[in-house]
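Consider the two complexes below, in which chain A is the common component and chain B and chain C are the respective partners.
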Partner chain A sequence: MTFFAPFTIPFIIGGAIMAAVLLAKYTLWAVRLPREDKRLIRRNILSFKSLAALWEVVRESLLHVRIFRVNPVLGYMHSSLALGWLLLIAVGWIETVAYLGLRWVPLQGHVFFKYFMPVNGITQHKAGFELAMDLLLAVVLSGVALAWIKRMRSRIMGLRRTTKHVLFDRIALSALWFVFPLRYLAESVTCAIYGGGSFLTGSTGSLLASHLDAETLAAVYEPLWWCYSIALGIFFSTMPFSRYMHIFTEIPLIFLRRYRLAPGIEPKSYDHFEVEACSRCGICIDPCQLQSVLGIDEVQSVYFLRDRRYNMLQLSVANNCLMCGRCQTKCPVGINLNTLRLNSRSRMRNIPNEGRFNYLSGIDRSSGEGRTGYFAGCMTMLTPRTLSAMDTIFRAAGDDIWHADRDGGVCCGRPLMLSGETTAARKMIEYNTDLFRRHGITRLVTSCPICLRVFREEYALDGIEVMHHSEYIRMMIAEGRLQMRRTDMRYTYHDPCELGRGCGIYDQPREVIAAVGELVEPAHNRRDALCCGASLANTVIDDSQQMRIAREMTGELEATGAGTIVTSCPLCYKTIKRAAGTETKDISEVVAENIFQP
Partner chain B sequence: MSGLRFGYGINRPRAIDIDSNDLRKSNEILREMPELQTCIGCGSCTASCTAGNLTEFNFRRVHTLVRRGEYRSAYEEMNKCMLCGKCRLVCPRGINTRGVAMLIKRKLGDF
Partner chain C sequence: MKPKVVIAGGGAAGMAVALRLERLGVEPVIVEREERLGGKVRGWHKLFPTFTPAAEVLDPLVAQIGRRGIECRTGAAVEALSEHGVKLASGQTIEADAVVVATGFTLFDARRKEEYGYGIYDNVVTSADLERMMNEGAVRLADGSTPRRIALLHCVGSRDEKVCQRHCSKVCCITGVKQAIELKKMFPEADVFNFYMDIRMFGAGYEELYREAQQSYNIHFVRGRISEASPMINGRIQIKAEDTLTGRPLRMSIDMLVLLAGMRANDDNAALAASAGLALAPNGFMQSADPFLGAVRSPRRGIFYAGAVTAPKSLADTLAEASLTADAVMDYLNSVQR
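What follows is the complex of A and B.
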């Protein structure tokens, strides 16, 4: 039996290029993983984590469950292409076995089996397989049709905007679009000449046979198979350099993530898996307020990852992000978009300077005595009403407080970190950690979610319970140390990005507000909450742009009809106060005003 | 806080000669951050400054001198900044002061 024909050469070359590049890339990335990452892999590879990862691969790489949740049509498009194509390959494999028994057949023999059947004298068709293959081809073709429609009218699939692609992506995308229609045509003509096929290729074949003479059919037969093979070859050879790299990269990514590998604030080899697992689906574009409110394109996560991957990242793109994290909650691949952006900034801006911040040594402006420390945070210094409300609360709860920064403290380090100056931020982290240790506190309360996040993520504060003031207040109410007076006020609550998506604190502030009055929710809340726009992470947009984002957000808060807007971040507080016409309060003020003292 | 300093101390008398100063870097900075030209020199940035509360760092002075082409020790001074962002919140002209701080370092440092 022969399984070679000249037209298969483009396919074979393309396939070989793809396999070689994939192997080289994955090997290089794996070898360069830091030692602790390799240890994590060794420790976890033979555990149930691998099984869980396998299941996730089926759910996400084949079925695309998370995309189904974003939009069912978009989900169908992705899963019809991914699952449909895999089944075409798998069922095609079984088909060759059914016809030829268990024997070795070269790859092109499987892929172009329809072509090699008459060549090898197989004329009896198995109707079941013909039907199954036609069915699968129809499913894949429907996915391709949806992809075409998506390019023209993305709103049908719930996307206001789709990604603008680079040249490599366009080549691969065009090749992919033509692969299945060409296969359909080539198989139909084969059916017209040699019979076989089912409802799709079979009936198209008989239609062609009744309208075209045998000479014409014979003339287009070989060229069509050539075209199909060339389309496959182009797709495979451009695939590792284009967005379609995600098809395979998502699989190792899912396994590594299950083994607890994660990107950090310094770039490392693992980041490659996350960066190249991005399919540039563009789901991250719509949640971005820079896009929806300000109309800024080309900075969203999809473009950031693209630029980073092709080494063409500009500081102005890396810096133009609120790091609110809304896109990250929507990403169907689950890429740590914010952390990757942070470590890109650190690579571009971090200038180690040993002498920097030497002026910190010996400074101690703290005051008071107590086991509970209060770190108000820089921003809270600009909201004195929060400070005095916290004083009232501490007094009412009967807690002795050590004030870390009442008379001016040292920044927590997160703002520097957000700007990529991680080495400098370390100095602040060391200074503050030392300060907390020296005063022997066992609990640290902060009013600023920006500080809270860095305390939790980057500080080593074992033995010190770090909490946001909303958590502290809720705990004091639960312990009965604070008694609230219920009012008939209607409040609405704004989730600060760093507190909500950043630290996962959604319920505690809501429970505190519910203890005082009625809470009404804005249209976007919790994980989907809007950013106030004043984020420290963005150093590109100007004041008027910040205010436009803020007004859009406060518009939603005011639409709830609540009498008071409550938030729990001094930065959000100041921004909302400027943008909204409604009374705005920090959660501590609401509590301090309504403490019940018998 | 022990008395706010808005950055107006007594300096030794001296003259800045704009004609002899090299304004190239200053112009570059103003081109990238034109809003800095709207600064009224109120000193609120210095008064609210976290680093300025602990040291003699004076942001108003640094960016005013840089705009006049006086770059000496501006980079070293700017490195005292913690980028906490209070200055941006208090600026009555809504200037992106954190952006200014980063820009001055980028233009006048060695990177």
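What follows is the complex of A and C.
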């Protein structure tokens, strides 16, 4: 048997296009990887990391465990399509082997096995396989049904908003919607004519046979197989240009990520794997406060990645993001959404100006002597209550402090980095690193999470322990150098984005507050905490829009009934003070007021 | 029987309206939140641009209220109102034939601009604090010494989106000029600086005083807002600003920082407006029926406005407006009786 029929041509062409494009893309991206990334791959490819990646591929690309956690119905939809389809192919292959023994069968022979081997003429009909294949087809069809429902009534699927798609997506999506219903029809008609099939195709086949005459069945038989093949062909040929590129791209991405590859503040070839692994599921839309509070719905990560992928990214989209990271915690593919946005800004905005910071050379306005350095940060300079509270705390702890920026310092660089001015940010980073080294500090405390993040992520400060003041205070309490007086105050705590999702510091501030009074949590906290809206990262929304986001957030804090709102970021603090009627304090103030002095 | 009009607020506006209405044959009742009449002017020392003592304006008003036997409910706040009277916070109601809202403004709380250190460091004061100090007889630093260098900062809580106050408070520019001259008179050896965005000298005699401040008193004017103030080890204050005329950043150590705090809308405007179906302007002040022909009328017949409850106003403007309000009330009362 040749396993060839004219109707298989669309499928063969589509499959060939897909294979060629995928191969070209992946090869190009891999070749263009920077040298250090290639070195990471070489070092790790033959290690347990590859096994771990393989397991993750099963969990994420097939079972979609992370989507299940965010939204079980959506998880079922994805895994029924992915796992269901894979098993259809795998069981189909075994079926071929079971019928024909181990021999070479062309691809279309496996895919259209029912067409080529409709009857139990050669071998006996194997009811087990028929049942398994029908079961799998039913599972996939249920996934397709959910996809239809999601498109029409996304709320039923637990999504308030669903993604708006581009043309390629729509073509591929429509083809995908029809692939399995057409397969179901084609196989059912085959069963009606030749018999076989199980509870699904078999019983539909008998139903068709009892209602239609043999001529009609024979007339629709070939066209249905044609349609199925065409749907497959369209899907496969549009797939590498559409959102469905994620199906295969997530696999190399998982491996590369296990090998410690990651995007940086400047764009590089690795970014392609992350950008094209986005399935545009739209899970990132709902957590976005720009969407939920302000109704801005064309800037979210899904649209940012889409625009970047098709080279149509506008600065107004790239810049319209709080970089709060709420979407990133929900992304089922684990894409580094904020870093990718940062390096897009860098690509679009970074205009190096070598002479601009010449005045930095030779300046040193630092003061004091000590192994502990304190970098207040420019926002903290605007909130002097925090400054004086920190003075009290340092004195009470008996720590000698070297003040990096008390009389005016150089910016940490993160605000420049957030606006894409990477080269300028590097100048600040070099200056401050040199300053810290020159003064021989072993510990660096900052009151600003924005500074903390860039100190940890971009500065090379080996040998210097970088701490946020909430960490420092907690450590001083643990060491017994600060003793707290317990009060009957009720506090609530706002997690700053840069401190919480940015640096993973959730517990230390809470432990500090709990040492003074009772802590009550707002509805959204820790990884789910809301952004205050005043983020430096967003240069598009105006002050009144920032305040609308802020009031939404302070509403939750005030609903806790706490007497005082506590936060640990000068920017959040200023914003909450504007938006809330409740007394607001930085965590350092709460501590400084309640130091127990025997 | 005389028609009765309740006036919410016993400051300059409320008193002037009450006196005028009483003369026109109406029985006014003043409801004042504080224990004494006089409002914000009571805390003021001298008035711009003439350096007239505030008492010379306020005392005759208060005296006449007493002489005419006008009923005053002090220590009573208006909680809700309608064209038929007001409801007090105590639950008591006062019925009337018309209501005048003259509840004025609230002084911007300079602590909200934390970067200037008001309430945190010594020797950062507001313009209102300075008037109080002058009333008490002496302007001194916290340690009792006299200041040698003083900065006055304009637009604290005015024209500042970051504290949700977009409007101009109108009177601070000329107050800054007046206080700078007063300080210079007190401390002739001191350097006095005004840090400003614009100098808005629209009133009669204002521009002349501004010129005099520079020519006769050698007061320095720097165009640029102070970005932050921080305490120094020697007890002085270091300020950072940008001189936007020369385009250069500057830092300066000073002994005293005077913040020219702006006028903001009362917090209870919203509740009053809601109780009577009135409207608020976007800046939170009460919205008049019409900016030209109905500036003292509310959108609701029988409810009127006087003074700074509708927008920042100088004392002179407020007193002038009081007569307009009384006039509009009379028109209304006549039309209702007929």
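Heads up, the rule we're going with is that the second predicted complex is superposed on the first by the 591 of 598 C-alpha atoms of A that agree within 3 Å, B and C clash if a C-alpha of one lies under 4 Å from a C-alpha of the other, contacts with A are read in each partner's own complex, and residues count from 1 in each chain.
Simple rule for what comes next: a contact is a pair of C-beta atoms (placed from the backbone, for glycine too) under 8 Å apart; a residue touches a chain by one contact, two chains touch by 3 or more.
Bear in mind the structure is a predicted one, so any value in this text is a computation, not a measurement.
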item	value
Fit or clash between chain C and chain B when superposed on chain A	clash
First (chain B), second (chain C), both or neither touched by A:Gly408	both
Touching partner for A:Asp507 - first (chain B), second (chain C), both, neither	neither
First (chain B), second (chain C), both or neither touched by A:Asp297	neither
Touched partner set for A:Lys574, first chain B, second chain C, both or neither	both
First (chain B), second (chain C), both or neither touched by A:Tyr359	first
Touching partner for A:Ser388 - first (chain B), second (chain C), both, neither	second
First (chain B), second (chain C), both or neither touched by A:Asp543	both
Which superposed partner A:Glu583 touches (first chain B, second chain C, both, neither)	neither
When both partners are placed on the shared chain, which of chain B and chain C touches more of chain A	B
When the two complexes are fitted on chain A, the stretch of chain B hitting chain C, from 26-34, 44-52, 80-88 or 98-106	44-52
Intersection of chain A interface sets (partners chain B, chain C)	381-382, 407-408, 543, 574
Contact footprint of chain C on chain A as seen in their complex	381-385, 387-388, 406-408, 543, 547, 574, 577-578
Chain A-touching residues of chain B, taken from the complex the two chains share	1-2, 35, 48, 50, 53-55, 79-80, 82-86, 89-90, 94-96, 98-99, 102, 109, 111
Residues of chain A defined as touching chain B within the complex	349, 351, 353, 356-357, 359-360, 363, 365, 378-379, 381-382, 407-411, 413, 415-416, 419, 421, 424, 428, 534, 536, 539-544, 571, 574
Touching residues (chain side chain C, partner chain A) in the complex	112, 114-115, 117, 120-121, 161-164, 227-228, 230-231, 238, 240, 251
